[in-house]
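Once you scroll down, you'll see the structures, which are given as structure tokens.
Here chain A shows up in two complexes: once beside chain B, once beside chain C.
Right, the complex of A and B next:
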């Protein structure tokens, strides 16, 4: 009973997340106006039939820009999470499996990186590299692979002492085979869950960098930079801030809930397996 | 009059019936042993009598009469007053059933004061009186200690004293000897006998250890699948069992045997020379295995016996190079196993294999049995065609007495015995000359254990395989192995042909082990 209820939530959030991705893919086609077309005569216009969510400080259609921004925000976050998750997990797995001096060195480096607040570090790196989406990704990725390495390492350390790993070794499996065939699929669910919850965090990171002018190059639409640009007109045209902010909040929430639902679902499966 | 009378009780958890029509009675000053395999419902009987809400047991029908009270119609509060006063419990693991960081004295005072309005001095007198009757000398030292400062056996004796201090009418003891080593087990058994003699208290003793039951119990009830299949005087039930299940249970209990199968001397397969393995604990080095030497012939079965922590498993891991010893050499066939380079280890694994203690956790939980065995065949036997591999797997499953369809299941879908047979199938996939069984039957019930031992015997016969069989049960080893090595604290204290070790043990520790296992010739399930 409980399990079906949990599964329902998982499917709902999965559907919402896929819908967001789909919308961001066809943003160009469904946008009512050109997201970059400025019009000085229609600056800060209230929502109307032509501009359903109003216009911003340069007279651009807010709805079209929110849709266009979805692609930048969501895809850059997904790509970055994928890269950092794979890189961090591989590093963590190798450290956990082989331990030794290299493990010690890598872990101290990770401690060093984690000692700084992640956002401050990203701002510093982006400041050195300059603006632009690629540089923003590098800046955020610099620190965000470390939790995956930590998680993967601790999971591998606990699993590698299990009897079935010794048994696999005695069956003649090489280290590579043990890591890929026996360890990976046993730690995959916890890594996947963690990665899903990180999508929202990374998205906020991008928005933060863009807000500070260290993210996308103008006039490319991105939710963080849209909020930053429009904050001067908060009193006269609140919709220019409100809608990108709402889009950001909902997207982050959906990915976070998806991560939670995924964790619950995977936990339940493990539990029922153990019971049987 | 019966202190406790259970009539036609059925009980279960969340709608699943576990107990069916249980009827028992215990007289004052009597010990009743409830014996059966794991999962037979022994502990559920105790939980039903206690009726704690947190245990989730629901009694669906029948009666539990304790000292004239109908337990099932009592209110929670009235029941609580009985618990600890007239009805006490002793749990399996003494070190976890007491508060680990409070002194024993405080725990005793707390118990007494929650039931009786007495001064500290009066309470202390009660405690010391109780200790005296139970033969616990050195009361002052014990009272000033925390549970972790006492040995497991002493701790369990104190836990029994704690239960006795209120002079209850009935003690419920749930596997009180199972977590203890053999020597402490004996002490607790002695203490249970003292209880009967000095306090005239009734005891409901749940145990899977027939030896313990036989030594202390007046009456015995054999449980199987939630039912009591036989109930009567201990001597009668164990001496002339009527029920088929009781008969098979007793037949499968390993007994101390001094006999030995006839075997001609053959060439040496394995030679271990003064192996030392040390581990670092903080700043000091601890010898897990210190200076062990032995030989194993082809087709021979060597039993290694000792308590947990005696270094048996560590020794096993050295023999197959899962770990490397700090000193000493191990030769299998003609080659020293330290000489195998990492890439040549496959060669070693085709000669020697290992079966682990916990059958379920020795398989990857997310792989089917077939796919785990497949890896062994692919890597060790070098077979690549998948239909050839499948054929081989099916043959192996049949060889270990399993249906071939079971290979497509996940480990958690098999019973412990089936899983251990699969593990043996994987280990013999490439016909090794040496099989190391590390407590391979310890997690299994006695009937299943007997089946596995029979399988190993047949492997020795048909494949002329040598086996190193590690166990804590000297009775099991005595009937099965050609030679026995007894280990204690990482050292070999006795080594020789099993008939000699069993008939004429030289070491004191070996004598204790044999004595503990041979209470009227029976041993644990």
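Right, the complex of A and C next:
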């Protein structure tokens, strides 16, 4: 009974997340106006039939920009989580499987990188690199691949002494086969769950960098930079802040709920392992 | 215990090396010639002769490792170089700004503990009640609302709508209120979640059932035993949240123009003042490492069951 109830929530949030991804994919088609078309005569207009969510400080359609921003925010977060998860996991798996001196060195490097609060490191790297979408991704990626490595490593160490692994070795499997077939299969659910819980965090990190002017280059629409651009008109055109903010909070919540539902469903505990 | 402290301190050495190495390398991952960047940020036109002199002065003709070693020795003596913008020592700039940041960070931390501990306990004791569901939704919301957004909402409500508080902090106590709330509430989400989970776990353990069977009043169990035993995990989360506090303060300070390290580093990023950025990163990392070490040690002092694993 309990398990089916948990599954229902998982599917609901999965469906919502997929719906958001779908909306961001067709954003261009459903947007009522050109997201980058400025109009000095219609600056900070209240929501109307032509501009359902009003206009911003340059007279651009807020709804169209929120939709265009969905693509930037969601895809940059998903791509970054995918890259960091794969990279970190591979490093962690190799370290855990082979151990030795290389493992020691890599783990000390990871200790060092994790000694920085993630967002502080990202702000510094993005600040030095000078903003832009790619630089923001590099900055966030550099700061956020390490937990995957720790998690993968500790999981590999805990299962590599199991009998089925030695059996695979005895029956002639190469290390590569053991790693890709048996070990990956066994640690995949933990890594997938952790990666899902990170999507929201990365999205907020990205929005934060953009808010500080270290994310996307203008005029590309992104929720964090939209909020930042519109804050000067907070008193007269609050909708220009409100709607991208709602989109950001709602999307992050959906992905956070999805991560939690997945964790409950797969019954994995990972926070302590990824952090230590 | 002493042996453990020694071991932990030894482990700090490679961490310190990597922290300083990453911070030192920051200047070199930026595109362009460091000497040229230094001159430009100082407002000097980089002619060929000046460039050459600056390169020598910065030691750019020496190998990277030698430069790093020299810089590291300086760091050990507390010398983080001089700001490009005003030639003042970076360590001094950071030290002054850190006082301001600590004010906001400490008051935010205290506020979030005052809010989170009672609410977390309440949520756990009334598990699955309406209040619990509302609080759990709030923790989820708090985890999804970035502090910059909260800051704008607070400004809209208190400064524009009600007109009771100033937007710019201006060093006053009044000005401290909004930055503190904006920094504290997102952290409350994590705190409440942790307190709730920990208290729930304690409530389900044998000693609580035993005490209940002996007829001890539930409030006494809660305050004397459960809260006491939950303290450790609360200390741990506080340790972890220090990073979030500093990251949040960078954004919050630049919104409210509060003259702390966050504003210092954002100004340094704008003017490409690399020594300040480097110093900032090291400063925060060292604080973070020391606090995490202190948390770990506190764990061992308060819970004798924790041993080397």
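Criterion: the second predicted complex is superposed on the first by the 267 of 276 C-alpha atoms of A that agree within 3 Å, B and C clash if a C-alpha of one lies under 4 Å from a C-alpha of the other, contacts with A are read in each partner's own complex, and residues count from 1 in each chain.
Operating definition for what follows: contacts are C-beta pairs under 8 Å (C-beta built on N, C-alpha and C of every residue); 3 or more make two chains touch, one makes a residue touch a chain.
A quick note: this is a predicted structure, and the numbers were derived from the prediction, not measured.
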{"item": "When chain B and chain C are modelled together on chain A, clash or fit", "value": "fit"}
{"item": "Partner chain in contact with A:127 - chain B first, chain C second, else both or neither", "value": "second"}
{"item": "Partner chain in contact with A:252 - chain B first, chain C second, else both or neither", "value": "second"}
{"item": "First (chain B), second (chain C), both or neither touched by A:235", "value": "second"}
{"item": "Vertex chain A; arms to chain B and chain C (CA centroids, nearest 10 degrees)", "value": "90"}
{"item": "Partner chain in contact with A:168 - chain B first, chain C second, else both or neither", "value": "first"}
{"item": "Chain B versus chain C as contact partner of A:118, first or second or both or neither", "value": "second"}
{"item": "Dominant contact partner of chain A by residue count, chain C or chain B", "value": "C"}
{"item": "Partner chain(s) touched by A:227 [first = chain B, second = chain C, both, neither]", "value": "second"}
{"item": "Smallest distance from any CA atom of chain C to any CA atom of chain B, in Å, after fitting", "value": "9"}
{"item": "Chain C-contacting residues of chain A that also contact chain B", "value": "none"}
{"item": "Chain B-facing residues of chain A, complex", "value": "162-164, 166-173, 177, 181-182, 185-186, 273-274, 276"}
{"item": "Of all residues in chain B, those that touch chain A in their complex", "value": "320, 322, 345-346, 349, 353-354, 356-358, 361-367, 372, 375-376, 378-380, 410, 412-413, 423, 426-427, 429"}
{"item": "Interfacial residue positions of chain A with respect to chain C in the complex", "value": "108-109, 111-113, 115-121, 123-125, 127-130, 200, 204, 207-208, 211-212, 214, 224, 227-228, 231, 234-235, 238, 241, 245, 248-250, 252-253, 256-257, 275"}
{"item": "Of chain C, residues touching chain A in the complex", "value": "11, 14-15, 17-19, 21-23, 26-27, 29-31, 140-141, 143-146, 148-149, 152-153, 155-156, 160, 240, 242-244, 246-247, 250-251, 254-255, 265-266, 268-269, 274, 277, 280-281, 284-285, 288-289"}
